[in-house]
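Both of the next two complexes hold subunit A, though its partner changes from subunit B to subunit C.
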Partner chain A sequence: MANKVAIVGVAQNAGCESKDNYYDQAYQVTRELLDKTGLKKDDIGTFISASSDIFHGGISCANAYYWETTGAFLKNGSRQDGESLFALFYGAMRIMSGHYDTALVIALCKGSENPSNESCTLMYADPFYQRGVGLNETLAAALQMKLYMKKSRITAEQCAKVAVKNLGNALGNPYAHRRGRYSVEDVLKSELVADPLTELQVAPKSEGIVAMLLASEEKAKKITKKPVWIKGFGSSLDSYILGDRDLLNGQLRNAANRAYKMARITDPGKQIDLAEISEPYAFQELLWMEDLGLCSPGGGGKMIDSGKTEKNGALPINPSGGVLANNPYVSRGLQRAVEAVLQMRGEAGERQVEKRVKTALAHGTHGFAGQCHAVAVLGR
Partner chain B sequence: MARPVGIIGTGQTKHGKRMDVCYPELVREAVMTVFAETGIDPGDIDGVVSGTMPSMMEGIALTHFYFADAMQASGKQILKTETCGSTGVSIAHTAYYWVASGMADLVLAVGHEKMNEGDSQATMTTVAEPFYQRFFIAGAPGVFSMQSQMWTDRYGIPEDKLRDAAAYISVTHHNSAFDNPYAHIKIRVTMDDVKNARIITYPVRLLDVCPNSDGACAVIFASDKMIRKLGKKAAWVKGVGYSGEEYYFGDSDKAVWQAAIQAAKQAYKQAGIRNPRKELDVAEVYNPFTYQEMLFYECFGFCDFGQAPDLVLKGTFGRKGELPCDPSGGTLCTNPIGATGLIRTAEAALQVMGKAGDHQVPGAKLALAHAMGGVDQFNGIIILGSEK
Partner chain C sequence: MTKEYKTIKTELRLPYELAYGATWTRFFEGMQEKKIYGTKCPKCGKVLVPARSFCPKCFVDTDKWVEVSQEGKLTAWSYTNYRYFGQPVDPPFIGALIRLDGTDVDLLHLVGGIDLKNFDEVKRTIKNGMKVKAVWSDERKGHILDIRYFEPV
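Presenting the complex of A and B:
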């Protein structure tokens, strides 16, 4: 990779409903990031945001709303729709192109002002065949979970363990929206949302403004002593019609392989020290781990049983609590990257893992049963 | 500096009221056209940039999901760029940076809109914030009429001259649309027709304003290395500029419009342009409203502030003038919004590649394409040249 790009600062806000308005929240997080990095607004080269009109409180053209409050006034910028890791990739590309030496990347979603995630994601369904039957992301995930349990012999208990682990991890995360000590039984007995998914296995609807400052190699050294490098990134989009797709062999492998190739990762299970995976539905953490090559195909269940993915296990997955604990829909991918950065810098507070993290992975997904995936590999 | 990047082909649908095709078919029409024109196999594309207007206008959210197959994007890397009306140029920018970063050699950029199946003006009213401004914003014409009046008042432009200049622009663009096989509105109008057309929001009349079009556009961006390997002619990206300003409409000056001025400045600096009227051979200015087009001429430095109506009436920006603007008929005759900025880019590329057919500006070597969006808030520019 010709021009190296570093993450030199991160900031985020809490996932629970805030009394502050969206505009002020966007300002506060931007302000915090600038203060942490010691830069002024005018020092920033370019601005890339991520937001989505369907998740934007009834305001269309979301980027119009927050342009100046996130410091982008009269700056060259752009916006990515739906998945915030896209904004990280685009910001990195702008620096790699040589046009800019700093990029402010910010993801914005105020879930408390949106309808339910199911209502929003129903709008992904085409209006002729799928929307009428009420297909949304949660129903698509329930279908995928049934298939996964049947074909890969994953048990309901193994899926529930993901929620137990992640909501427990979230006890150490001040930004988490939902947290608690639950048993497998608690999870399985929580309200049925879409068979076999129960409430504690479905991510909440959270607020989240998540910001990150990217810099070129030369600039990074001037800003921080602890740069985290973007080693590789990749994405992949699947076909649209749910019934046309193999829900257990989706595009995540493809996205991961692109990121691994760029980062020169050949054995992800060994070379990746920690992963923050987007698991809006508990079982997806197991399925995505398989697709990411962090365990063997079909080995997701055994992996959670082994305890390796616990906060202080051999390969911690979602020590932040993941998306199950905090789900600002659009911002969740970038939030995974922010959490990975905090772990690598040793700044994760109570949720800091014991092992030394040299290489970490951040993953984002959106669309029915993971129609689109994005993967970033970060390194010290 | 950045690696050279060029456009090697463009594909447009026949724009208009396209009730003969569904939305994915419309997208596919543009995408397959660019593949046929360039001979590139969809399998060779490294990444796809998709973009459109807000979900309320589309009737479907996060449209890259729905159009994955129509864009031949299944299994591909994807970026989804949206910046309101300026989306089309922002899509082009994204494709440009992607290739310039060295992360891809061939990127497909796709913009689309099926406006006859949505309600564009209702959607645009929801861009304004819901507490103070939304009740006053009656779709796009309301905002742009206010801007036109601010500009007219600032420079004391006499009403007769203003209406003459606006009518002149409308007549010439409507004539030009007959030379563009993809254009939507093809009608012959006279100066009197324009001046006596039904008022939409003063001073904007029906023939001063763009239509609701269905249309899609696909453009392939390639690296220098790939262009050499393919042995293709290219329209080279010489400069990119983008700028955005305050959300609250009343917070900024819309006559001396900084977002437009700064976007042009950035692009000119990269392209080494000092005197745009002299150095540019053609410009595809985003002109949904005749009055606004004149304001853009001034903000882009094509002439001094307050001077545009005089120069328009002299024919300076006509097809045979010093700097022909919108020889395609422009946005005034064709406006599938999510595609429009990319259509401007495609038209600029066609001009510098000498492929614009009946609306070719003879010998065009350097072209500007532009799009505008938000609550009169964003401007994006891309400059293309025949030489690397």
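Presenting the complex of A and C:
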């Protein structure tokens, strides 16, 4: 990357239902971030917010809400809808431009107030061809899972193991919305949602205001002793109509390769120490691992069986519990980056992995069956 | 469900009116006459269903209308049995990707014409790759559900 950009501070709130209002919560998380980094509102150069103000907000006018609660009013800032990891990219680019030395990036979602993810994502489907037959994120994922199990010979048990691992990891995460010790049988016997997906393999609907402060190299050194550098980022978006797409050969490989090229990663399975992957549906962690090159194509099932992706395995995946444990719909991608930062700084508390994390990956996804993917590579 | 703390209940309910445009108008007029139309890409030769004015991959205008078969093969299916606000199809239903004969993409629709109450029964009947055919509604309005569902042949 041309100019180095660091993440110098992070803050987030808990995923469970809160009786606080959105307005106050956004302020509280911003306040916490400023206090942690020792900066004042007026010290911040630029702002990027990520939110879905209609579907996952019901507010419809975000300017009123987030602009003052995050201290962004009177500043040069911008807003982004959809996958929140993009807000990190835009913030980084603003600093890379040389015009700003700090950027506050914040993703906002208060799932407990919203209609179900099923209802919201039905509205992502066009009203001509796809909405009328009930396309939403869960149906798209169920169809993708069927194809994946068949093509890669992934078993229902291997998919369920992802939920067992992640909900177990979440026991160490105070911000998680859902956590617990479950068996493979518990997961498979939980209520059928859209065959073959059962309830414990489907992410909940959580709250999550997630913020981070980015800084230029020079500024970063003044703010923290533990900067985490943004080494590379990439994204790719597949075409829209579900039936046009090859659901097992999506755009994550492209997104990852773009990030890897920037970060000079040539062997991701060896060079990446830890990954936080967005897996709103359990099996997707396996499929996305393959696409990210963290295991061989078709090797996702073997990878989970091997135990390598456990919290203290050789390549921990989602030690936070991932999206299955906490799904603030819009904020989930940026939350993956926050969790990766905490691991690299050794500040992840009970969920801290044993191994030393030098390079970590954060992934976000939005749309049907991973239509849109964003990948960030972070390094110490 | 009423929450234990003070909340305000609010809705965003706003009417929109969206144009079908020439290509989709023709596709849905076809549906009213129990015909399924696709369009063909002059570059890759693929037949796209539902009809599109351009091929998204090649990014050129499609140049030919093709009436496609009402039969095809099941690419993937999911038995869905839960409810949510705004759901357009009453559960239980089977959402499916169907490759109509002579086309090169999957059409998203429903599989029906069998007893859907018992999932174990459904699993015995419905298989990937099986042949299905369109079953038309008697009252057609130029809507995707003018085809009620696809049933096993």
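To be clear about the criterion, the second predicted complex is superposed on the first by the 373 of 380 C-alpha atoms of A that agree within 3 Å, B and C clash if a C-alpha of one lies under 4 Å from a C-alpha of the other, contacts with A are read in each partner's own complex, and residues count from 1 in each chain.
In the analysis below, a residue touches a chain if its C-beta (ideal position, glycine included) is under 8 Å from a C-beta of that chain, and two chains touch if they have at least 3 such contacts.
Since the structure is predicted, the reported quantities are computational estimates derived from the model, not experimental observations.
With both structures placed on the common chain, the touch criterion links A:127 to subunit B and to subunit C. Residue contacts after overlaying the shared chain place A:184 against neither subunit B nor subunit C. Contact with neither subunit B nor subunit C is seen for A:16 once the two complexes are overlaid on the shared chain. In the superposed model, A:58 makes contact with both subunit B and subunit C. Of the two partner chains placed by the overlay, only subunit C lies in contact with A:142; subunit B stays clear of it.
In the superposed model, A:171 lies in contact with neither subunit B nor subunit C. In the superposition on chain A, contact of A:90 is made with subunit B only, not with subunit C.
In the superposed model, A:235 makes contact with subunit B only, not with subunit C. Of the two partners subunit B and subunit C, more subunit A residues are in touch with B.
Of the two partner chains placed by superposition, only subunit C is touched by A:119; subunit B is not. Across the superposed pair, subunit B and subunit C both touch subunit A at residues 54, 58, 60, 123, 127, 239-241. Across the interface of their complex, subunit B is touched by residues 1-3, 52-54, 58-69, 72-83, 86, 89-90, 92-94, 96-99, 120-121, 123-127, 234-241, 251, 254-255, 258, 366-368, 371-372 of subunit A. Interface residues of subunit A, counted against subunit C in their complex, comprise 19, 54, 58, 60, 113, 115-116, 118-119, 122-123, 127-136, 138-139, 142-144, 146-147, 150, 191-197, 239-244, 247. By the touch criterion stated above, subunit B contacts subunit A in their complex at residues 1-3, 48, 51, 53-57, 59-62, 64-69, 73-84, 90, 93-94, 97-98, 100-103, 123-124, 126-127, 129-130, 240-247, 258-259, 262-263, 266, 373-375, 377-378.
On the subunit C side of its complex with subunit A, the touching residues are 3-5, 7, 10, 12, 18, 20, 24, 28, 48-50, 52, 56-57, 75-82, 84-89, 93, 95-97, 105-110, 119, 128, 143-145.
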